[in-house]
Structure formats: C-alpha cells, structure tokens
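There are two complexes below, and they share chain A, which is joined by chain B in the first and by chain C in the second.
And now, the complex of A and B:
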C-alpha cells in the first residue's frame, strides 16, 4: 500500500529540483488558466498553505481580486529557472460542475476534480493525483463528554460503504491521522466497524447524551455527513446535520497534510483540528506516541485519507503539475501551441 | 562473571549494548532488529516466551524481512528470551516505510497491555543497474554511465570520459572496466539555470569548450585538467557529422537557439528559433535539418532555402556517420511528454524527404540530450523508474 504510493511518487519527490523535461522540449509562453472552488476573501493573496501560495517563488502576483481571480506572472529569476508559462490566471469560487464544463469547452486548463470524476476521462484530459493528503475526520466538541457516545459513533460509521459509493474508491480508509505513506505506522490504528458494540455503548449512555448535531465545514462533505448521520441512527444516536456555518456537537472536517515529515505533518493536522501534540517529536516512535495520545478517548475519529485530484486540459504538457502533497508545481508545466 | 549476570541484569546489560545512546536511524535491517529486540525486552521482562510473527509492508524484499527475523530472534535469545507458540507475549513485527525511512515496528501485547516499539532504518541509496541494451535494435545503444545529477552532454576524448552537468565538468579516467572520477571543474552562474537546462561540449584533441545558457567555458583535459568560464552570449558549436559545422546563438534563460546561426562562414543568418540541428546527405554538400520550436522539423540547404517540412518529430536531432547507404543519417527523438518513455530513430535524406533508416530504439524515459559525436552520438535519458540520468553512446549498426 505504502510502496505503491512511494513508487508512483518517487520521481515527484524531486519536485523541488528542476527536472530536465521531455523529448518534446517544453515551450515558453502562454497563460495557464486554473479554476478552484475556494473563495479566498483575504485582502492579500495567501502566503501559506496549499494552492495559490505554492505559486510564490516561481511567479509573482500581479493582480488580486479577493474571492474572484488572481493573476501571477512568471519570475525571470525564479529559483529553478523561469517557469515555462508566462502567467497563471486563477478563477476562484467555481463550483466543480462549472469547472468540468470549462475544461471541456477549453475555457480552463487546470481544474479540481471531485470524487469519482477521475474515472470519467475525456479525450486528451490528464489527471494529476496527489498521494492521500487530506484527512477527513469527526471532531467532537467539549459538549460531548461521554466517551461511550464518541466511541459508539466511531464504531458505527460504515467507512467501506462511504468509500465505495460516495468517494468512488478514491482514497483510503484510515484510523490514523497521518497517512501510511508519511508515517509508516498508520496500519497500527486499524479502524473498527462494530455496530453491535456501538449500540451497546450508546444504549449505556444517558438518553440526553444521544442527541447530537453534526457540523459540516465543507459543502463537499455534506453527502458524507448525511451518511454518517444515517449510520449513527442505526446505532441508537439521533444525529441532525447542522446548517452551514454552525459548528455542531461534532464536526466533519477535512484537513490538509502540509509536510511529508511525520512530526511536522502531525503538528500541522493537530493545529488544524484544534488538538494538542508535543512541540518536539524526535523520532518515529515519539510521533506515534503523540498520535496515539491524541486519538485515545475518541475526541477525534479519523475516517479517510483522500488525494487531491486535478484535471488538466489537452494543451497542458510536461511533468505533473502537483507534488505528492498536492502542492502546485505549475512552473514545470508548459502549454502546447504557444510560441516564444 | 558472565554467569552472575542473570535475569533483569542480563536484559539491562543487553539493552545497554544494543540500544544506541542517540535516537538516530539504524544503518541496516540487522542492526535495527537488534535494537527492536532490546526494546521488546524492556516490555516483556526477563525470561519471557515470545510468539513472534512477521509481515512486510515495505518495498523491501523477503531477504530484508528474513534479516529482520533472524536478527530479532537472535538478539532476543541472547537476552535470555524464549521464542515459541503460545508465549505470554505476542509480537507482531512489521517492516514498513515512510517517505524518508524504513521502520521496523513491534506491536507487543501481554494480556491487556499493549506497547508499540519502533526503530528507524536509514534508506540506502542505489537503484537497479542500467537497463540492458536492446540487442535487436538497429540503433545500438551502449550504456556508459548513470548518475543522479542531470547530464547535459558527454564526450570521450582519448581515453577519458567528460561529462557536462549543471554543477560542472567531470573528467573521468578508465581503470579496467570502470570509469573513475579524476576531477570536477565547477561551473557557476550568476542567474538561476533555466528549467530544462541544456549544455554542449565541443572537443578538439584535449581542449574543449563547454556551452551553457549565458556561460561559455574553455579548458583542457591534459596534461592537467583546467577550465575557465565567462558569462556572456557566445555562439555554440553545433557540430555535425562529416566535418560540416554550424554555430548558433542560444536564447538566454530558455531551452532553444534563438535562430541566429552560421554555417561554415561568419555571416549570420536569422531564422526561426530551433531546439537542435543536424546535417545529412552528401557530406560535401549537406542539407540541414532544424528541429523548430513550433514542433516541425525543417530541412534547409546551405543557402537556408527550405526544402521540406516534417511534422511529428521530437525536439532533438543529431547527425551520425554510418557505413550504410550514402551520406550521414540523422537521429531524431520522438514527440513525447516528460513522463513518457522515448525513442530514437535514424533517418536519411532521400528523394527530398526524410526516410526512416532504422527501427526506433526505445529508451526508459525521455531523452533529455542528443548530440553528434562523429561516428556515434551521445544520448542522455532520464530513467523513469530510477530517476537517474543514463548516458548512452549510439551507433547505427546497418546490418551489412
């Protein structure tokens, strides 16, 4: 499992270095048109995280319209050499369906793909898939004090059905925060599904504790939240999905792994999920112990590790435009048909 | 004395010996297995009977798993533990890995107690050897070198091998069947190298010139290796087979020649930008093939009149002298992308078109450099499996 990812991404691991390109040499010029779902409303363009911030270094921002669009121009003195494209134009707030249409009709070069879309390949379309870098988890708020409720819900979720149906087998079931390819020990946290035990645990809890609201931060996870609520009901919990923007007693969250270093990756996920891990974790065993401590008590219940998936249009050429961590590496791609 | 060290003392003594003072990765699987056994002993206590099972979750092979098993069990026995079914302690040993290390992990259970111990193993370098040459190919490929750093060009003056890389010129001498590094002459640039960096070596006897975008170096391999580099825009010698010579200006910060070129005389012709050039046909009156940036290959005569345009070739062409047929042939890469395998095929100028002279020779990744060397050519391919740059010497075996 781990070796598969490592094999697929062994070349991408060199993504920080300028790789020599192909027998058809890259061409310079053109504007790479990218679409994303996220509305980034900040006053300034983001300088950290995955996505737009990854462009800095190879490109510099020339236009920023918060929540709408951003334009980045190639930097002639970029480390690793000037990117092949002249500019990257990013349109924000584009629903996945609209992105797909734009790619199809040639209005976009790079789009995000939802679960299952990578299997519907259009002619000439490329798929860029990262390693599993997004953790989807349930995070309980302080109101859910009864550990039996938390463990009961963890045991009730039918991860296999969600992976097969909603995620179209794109991703991995996991009981760990860090994916196996990063930690090497994720297999030690085997997720258990045991509806019988879930019912027993929940039945033993006071009736008042058996009503929960489930908050969903990302609209893309709403179908999964509905499924979790359904599984919970089978185990004796009454779970209602909270309206968008409402935190809920338990949240279904999606956090990005930002480093391939296990200690840094765990610290990053912990920070994103509001968990506490030791500031220093010197070796793999220390990282494992920190992760185990966080998972004990079922305050956070990992469900899946998902990849970032992008579709690239037929005129996009060159090496994959994303790293194993899903970082944008658009300096390495070039556009067919544009001339210097 | 030894007999007196029993029970817990034995365990502690062994742990003292087997666990390194600092928490860094073990050098090999056997060392890691000993260290893991010491950690296991701290959990089990002295004289425990351990039921151990093993599994491999890594890309390492069964040999390494067996090394782990043998090392782990030997160390446990050394510490006075017993191994066997139905033991009081269950140890599930996993050989795993992450992006930077291999891990040897013990999932230990004694009744309701569970503890996980793990030891890191440094990833060792070195991939599989060079791919065997394809003996059935008409283009014969001989692997002469492979390395992690990109190779821009290679030449073989006298008994030496000279490699041009982004960091400098490496001069190698042959000892038996092995090339051994004699000296590295460093090259630096005030600006970052372009992506898809290209470079070329031009030799006359033991003296050479190394061309890179915006930097030209002059030097010699004998008697002592030396080299001096200058920043600036100098025309590259784009040598060809049969003595025909072309000079062309390389576009600074790019991966192509800007179109200014001269053939055998100082007058500069302005043409379309191109990636590579090769002479073919009668060596006394060659025609030139230019792999243009627009994806087409253009055949021109000495007066730069366009004789033909050929679509569907790759970006690199090189002349090669052969003993088959009349005139020189042209080796050309195929159109492909950075993640694809590649192929080189030989063509000959015949009846005002380029006719295939050999079947295509397949390479394990994109050909990143192709330069003429008289009766042979040098090709560099980036092996998609290992990520290494493999240097090939190509000759055309014409089957006559």
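And now, the complex of A and C:
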C-alpha cells in the first residue's frame, strides 16, 4: 500500500498539482461519472481503442446500454490493485456544452473539453491534457481529380487563425500525419499558406471543379469546417458544408494516434483516413517515405495535431486520469466527499 | 331624311351625348377620388413604415448601446488576447435579440461574429475609415452572411478603454418578418427590395404577391434617383399602383427600396360598374328619348307635315288647299298665313284667268280681224270693181267678172284655210305613244326643209348625241312640233343664219334643242311666246308655238326658250319617259 501512495504522489507531482491538494488522503468508494460525446452503438462494449476500452483490466463491465450509458465496476483483483472508485458510469452522446454544464452543476465528474474550454477553467476544475494525439486533416474523395484544386485548398487554409481562435492555441499546426513528438521529422512537412498561389491554381482549374462539398464527421469540427469554407471562398472555391453524416467531396476528419510507435501510429492513421501505406515499415526512413508518399498529390492535407483534453470536477482527486496518449487511467483517481 | 327623323335623331344624339359626358365626368371624378384615397392610404402606410423603422432603429440602438456598455464588451476591449472571445458575439446577439452582431477590434479585425462566426480575423475597414460613430443613430448596411448578403438595420457602439477600442456592430435583418410587422389594409401590400447586387435581382424582392420582375424599372429608377417614385404596374383589374421609397445607408448610398403596392381592382371594378350602369342608363335614355322624341316630334312636326302636304298640293295646282289651324303658336300662325296665301293665290289666279281669258279673246278677235281683214279687203275691192264695171263699162263686165270671180274664189279659199287652222288647233288629238328615235326623226324632218333652208340662206347643223335614248312619243305630233320650230327659226332669220338642232341624253330622258341665230327675243317675248295666237311676226296665226307646247305637254315634257335680242333664240324640249 505504501508503494501505491508513493506512486500517487509522484504522479501528482508530474501533473503539476499543488502538494497541499494532492496530500488529501485517498479514499475508496463512490461512482466516477464520466460523459463523452461519442455514441458507441456496438452490441458489446469496445475492447480496443482509447476510452472505454482502457477501463478494461481495472474495471469490468456491469451494465451496457448501447449509445446511452455503460457502468463499469472496480475489479478487486486488478493487476495494479483495486481502483479507488467503486464504479465508473459513462454517459454517451453528450454534447460538449451539456457536459460542461453537467460538470458545473455536479452531475458529472469527468468530461471532455472542447477547444478553448481548457483556458476558461472554473474554480476547482482540473484539466487533463494529453500530448497531441489526434490529427485533423482534409481528405479528398475520388471525385476531386484536379490536383490544382486540392493543392489550392491546402494553400488557402489559414491554419494560424484557426489555431489561435478556434483551437485557442491547443495543439500544433502540422503538415505531417504523425506528430513531431512521435516521428521526430514532422517539421520536414511544413504547411504552407499562400492565398495568391491558391487563387492562381484554382483559377486554372475548370469552373465545374471549383464547387466542392465539405463533409464533417465530428460536430466539434463544424466551426473549423466553416472557416475552411470561408478561406476556400477567398481563393475562388465554392465550398458548402454538407450536413452531418453526409460524405462530401472533401472531408474534415480527425483520427486518433493510437500508438507511440511511428510505424504503428502511421498505419493506424492511414487506416482511419482510408489511406494506403506499406504493411511493413522497418525503420524511421521507411515510415518517412511512406508518409511522404501518402502526402504527395494532396489527397490528404494535414492541418493540426490536437491533444485530448478532459476536465475533472472538484470531487476528483488523485493522479491525472489520462496518459500522454489520451488513454483513460482511472485506477488512481478517487472521489472526495459525498456525492452531491 | 324627314324632318321628324332628323328631329328624332338630334334628340337621341343629345341624350346619348349628355349621358356620355356625365359618365365621363363621373369616371374622372371617381378616378381622382380613388387616386386621392390611394395616395392617402400609401402615405399612411409609409408613415407606419417610418414609425416601425424608427422603432426598430431605437431597439437596435438600445441593444447595441447596451452591449457596448456591458462588462463583456469592456473585457473584450481591454483583453490583450481577444481570440478567446471568438464565440462571444453569438451569445450577446441572442441575449439582446439581434440578428447580427460583430465585435470588431480597433484595427478593424473581427474578434467575433454572430452572423458568420468563421469570419474572425477578417477586416471591417469601413468601421475604422468612418471613425466617428455617433451613438443613437441606426442606419442601413449590407451585411455578409454565409449564404449571401442581407440588408440590415444596424447601429455601432464604440467601446474605448485607454488606448484600446472595440466596435460593436449590431443590427436586425430587414426581412419578411420586418414587413410582416406592418399592418396593411385590404388590397395593399408592402414589398422590400434589397439592393444587394449590382443589378436588379427578383429574388431580393421580399413581400407577398407576384410581379417582382415587373417592378424592376420602378426599383431601378428609385435607386438611381434616390427619390420617391410612383408607377402603375399591370393592366385592368390586375393593375397595382406602387409608391417606392429609397432606403439609404450611412453613406447615402441607396441600399434598398420600400414599395407600397395598392391594388387598383377596386377602381377597375368601380369603373366597370359605372360603365355598365352608364350603358344601361344610356340605353334606357335612348329608348326613352326615342319614345318621347317620337311623341314630341310627332306633335311638333304634324302641323308642319300638314303644311308641307298643303304646299305640295298647291304646287300641284290645287290652289284651294287649306291647312287646319290647331294652335296659336308659330306653327298656327304659319298655317293661318298659308291659308291666307292660298286664298290670295286663288283670288289672283281667278283674276289672272279672267284677265287672260279677256286678253285671249281680245287677241283672238284681233287675230281673227287681222286674218279675216286681209282676204276681205280684196273681196270688197273685187266686188266694187265688178259693180263699177257693170255700171260704167258694161262691155268689159264679163272680163272683169271672170277675173273678179277668180279673185273672190281665191280669197274665199284663204278664208277657208284660216278657219281650218283654227279648227285644227281646237281639235288636237291625244298622242299615240311608241318608241321614237329622235335622231332619225330629226334627220328625216331636216331633209324636207333642205331646199327651203337653202333658199333662205340658212345653214343647217345637226349635233345629235349617239347615246340619246329612244323615248315614248307620238311620231306624227312630234314631227309637227319639230316642223313648227324649224319654220319658226326660218322666220326668225330672214337674212339667213344658222339653224342648229341638237339632241343629248338627259338622265334617263332626252333634251332636244332647236337654236337659231336670228333677231332674238326680249324677256317679255320669252314669257308670252307660247300663248295661243301670240306672234311677233307680221303674218301667221300665232298658233305654231302654242301647238308645239301643247304637243310637249301632252307628252308630259317641258319646253322652254332662252334668248336675248340680237343673239338668236334656243328652244329646249325635255322628254323624260324612256323606253327600252
């Protein structure tokens, strides 16, 4: 038990939390209420990926209502020891705004935070932020055959404004699929913004090719899509944002980096974005070449690498609940006081 | 056309014209009154629109001013990093019921936009260029939206914090909802044209009803002149009158136009009804005027017609005709005068007949005396010679008796001939009509006189119209009349001259002329020439021309003579009956 406490203290120190707060004695019990935007409609709870699947091991599923909620109970025989909380209750399909309200009024303990929310921290709220583990990119469909259109749109997007305003400087601008902290060579794919050249390229394309629909899979990216459409209009493209769920000529998508291993991470991203990469990438050079090959032709235009950000309510104590890769680590989290 | 018909026609026309003029005047007065009411309704609606516009303006000014004075705006203004206020405009706009709201930094860059959140960082340079924004004033402006441009009633509030400045630009769209707030009377509609594009675009016309495209000229004219304009669009019952008011922006540019349309269906229906009533009244008036006119004109014209019939009877020779006097008015006095006139005519005619009869007897006596005196004188001389020879020269008596007997017989023959001529005139037979070719008759007759004319030194000319028609006439009597005229002409030219006989078509009939170049006639002689036993010659019975006149009269023709002393005379005979 003593080693466990030492581990908790060391984690708090890593998260930069005040020792006075961290020095609260851990306690067992309580239900950790977590809210997420995602609707998981599968018949069984997921056993891979980030999020719910990360609970497996320390917790075991006790209740599963697809798309609505899931309840996980603490496993007394967990490899790292029994978690402090008795259970984790996850509500699915909660919009960010509702999550934020629920956290404010005490109906939730852990919520996802949208861009900018981390900078508006309320009193007692803790922020858990991962390394940049999600890539946001434009992926062109097969209908957009003219490379001038694709390159023109890539050059027209004002990434800096989006990062500063919409993303509130969370994350980083990137022209690469893999984040710099994983690959180490992302700086070689410097994104360019050149509205003049974008206009020239697009003007050279046939008029019929200048009308595009932009599909957005994640509602949280809608504002970014609107800005991309506005930038595209300045360059001479008519981009209309398609209703959610409709695949457009070009899609604004985000994909999770599932591994810190460059080859596995690239393969995961490629699979998520529908890109083709070599099955085996032996070394860093092979990964680089594979990524370079994917990015040539502007079929996919990386825009940003973003972190996963969670907010935790004042009852939540203990170490950060997520790993650098954004995986849930609720085993070392406990709840202070009674449930309101 | 009879007098009665003319009177009736005039009466009817007067009624129709009167009804038409009244109808026209009523229609003009109605139209003027409708236009006045229409203008009043439009003015009321324009006033209502202005009030609504002012009210909305004050709402916008209050809302924008409230935001400008809020802590939120001040926080944004003083914030060194305004990017975190990206979503602020949307919340503020919703809280203050504004359709549009932009928070713009002092350098003109958009911090937050409610109507187009993605436009953060874009510039609104017009705010900086204008500089001095006075609070409390709203204006029109074109505002960009993701799906196009809209026209908005906007106001600007400036937040100043030290050297930092924040522009709050908010407003409400001028859209269908704005128009819906206007209370429109029946038959009126309000349209709003938003001048969002360089050229007229029908889809920018907000408001109910069709005709957006038809209003193009009115809208363009209003925007170009920046003045209120008026125009009628459409025809008939579908026509509408439109008052168009330009809506100006803060810089004076015309950004839109309010169109107040008023249906003219009411006027068209009213005019239609008036026209129908007018036609019905006119038709009734015409019928009444015809009936009343017929009755009135009959009353007016009946005495006149009686007068006309009487005058015709008098003209036909019934000089004893009188008219019944039924009133004491002008017509009655005219009838009295007519009756007096016919009585006077009868009296004069009686006197004239008596005078002519006396004159005729005197002339007959004179002519008989003259005619009989000529043979009687040789008879008297011969008898006296025979008596003197028996008493003084008995040996010569036989010879004298023989010569005297011959003379007596000759003069007695003359007396017998004179008596026979008078008898012939008294016994003029009725003509036996048959188709007669006068050209042929003239040719044959003239041949008989060739030798006599030659001896008298008279040149004969025949000017015969080949188109002269055949006329029903008695050939024998006509030959006799023609001979008398030729003989008369020969007697009128003792020194020779030219005798011209002409024919020519006269309508359906024929004109026959016999002209000489003799000593001519005085007007008095022309008047008396056809009187029986009248002659200007020293010989003859004076019956020749009387016989000619009698023949012509029996053929229902007309004879006249024209001439002047020294210029010859021309006899004209007109015969009207034409036979095939």
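The definition used in the following text is that the second predicted complex is superposed on the first by the 312 of 340 C-alpha atoms of A that agree within 3 Å, B and C clash if a C-alpha of one lies under 4 Å from a C-alpha of the other, contacts with A are read in each partner's own complex, and residues count from 1 in each chain.
One rule holds in what follows: a residue touches a chain if its C-beta (ideal position, glycine included) is under 8 Å from a C-beta of that chain, and two chains touch if they have at least 3 such contacts.
Just so it is clear, the structure is predicted and the values come from calculations on it, not from any experiment.
Peer 1: Pick one for A:318: touches chain B only (first), chain C only (second), both, or neither.
Peer 2: Touch status of A:318: first partner only.
Peer 1: For A:283 in the superposed arrangement: first (chain B), second (chain C), both or neither?
Peer 2: So A:283 only meets chain B here.
Peer 1: Name the contact category of A:223: first (chain B only), second (chain C only), both, or neither.
Peer 2: Second partner only.
Peer 1: Looking only at contacts as defined up top, I'd like to know whether chain B or chain C touches more of chain A.
Peer 2: On the superposition, B touches more of the residues of chain A.
Peer 1: Would you check which partner chain A:93 touches, where first means chain B only, second means chain C only, and both and neither mean what they say?
Peer 2: A:93 sits against neither chain B nor chain C.
Peer 1: Thinking of the overlay built on chain A, is A:158 touched by chain B (first), by chain C (second), by both, or by neither?
Peer 2: second
Peer 1: What is the contact status of A:168 with respect to chain B (first) and chain C (second): first, second, both, or neither?
Peer 2: Only chain C is touched by A:168; chain B is not.
Peer 1: Could you pull out which chain A residues touch chain B in their complex?
Peer 2: So the residues of chain A in touch with chain B come to 1-3, 6-7, 10-11, 13-14, 18-28, 76-84, 180-185, 187-188, 260-262, 282-285, 288, 292, 317-320, 324, 331-332, 339-340.
Peer 1: Touching residues of chain B toward chain A in the complex: what are they?
Peer 2: Going by the criterion above, the answer is residues 23, 57-59, 94, 96-103, 105, 107, 116-118, 120, 150, 191-197, 251, 253-256, 273, 275, 293-295, 314-316, 333-340, 342, 366-369, 382, 384, 387, 389.
Peer 1: Taking the touch rule as given, give the residues of chain A at its contact with chain C in the complex, in rising order.
Peer 2: 116, 119-120, 158, 161, 164-166, 168, 223, 226-227, 229-230
Peer 1: Hey, which residues of chain C end up touching chain A in the complex?
Peer 2: Interface residues on chain C, with respect to chain A: 83-84, 86-87, 116-122, 146.
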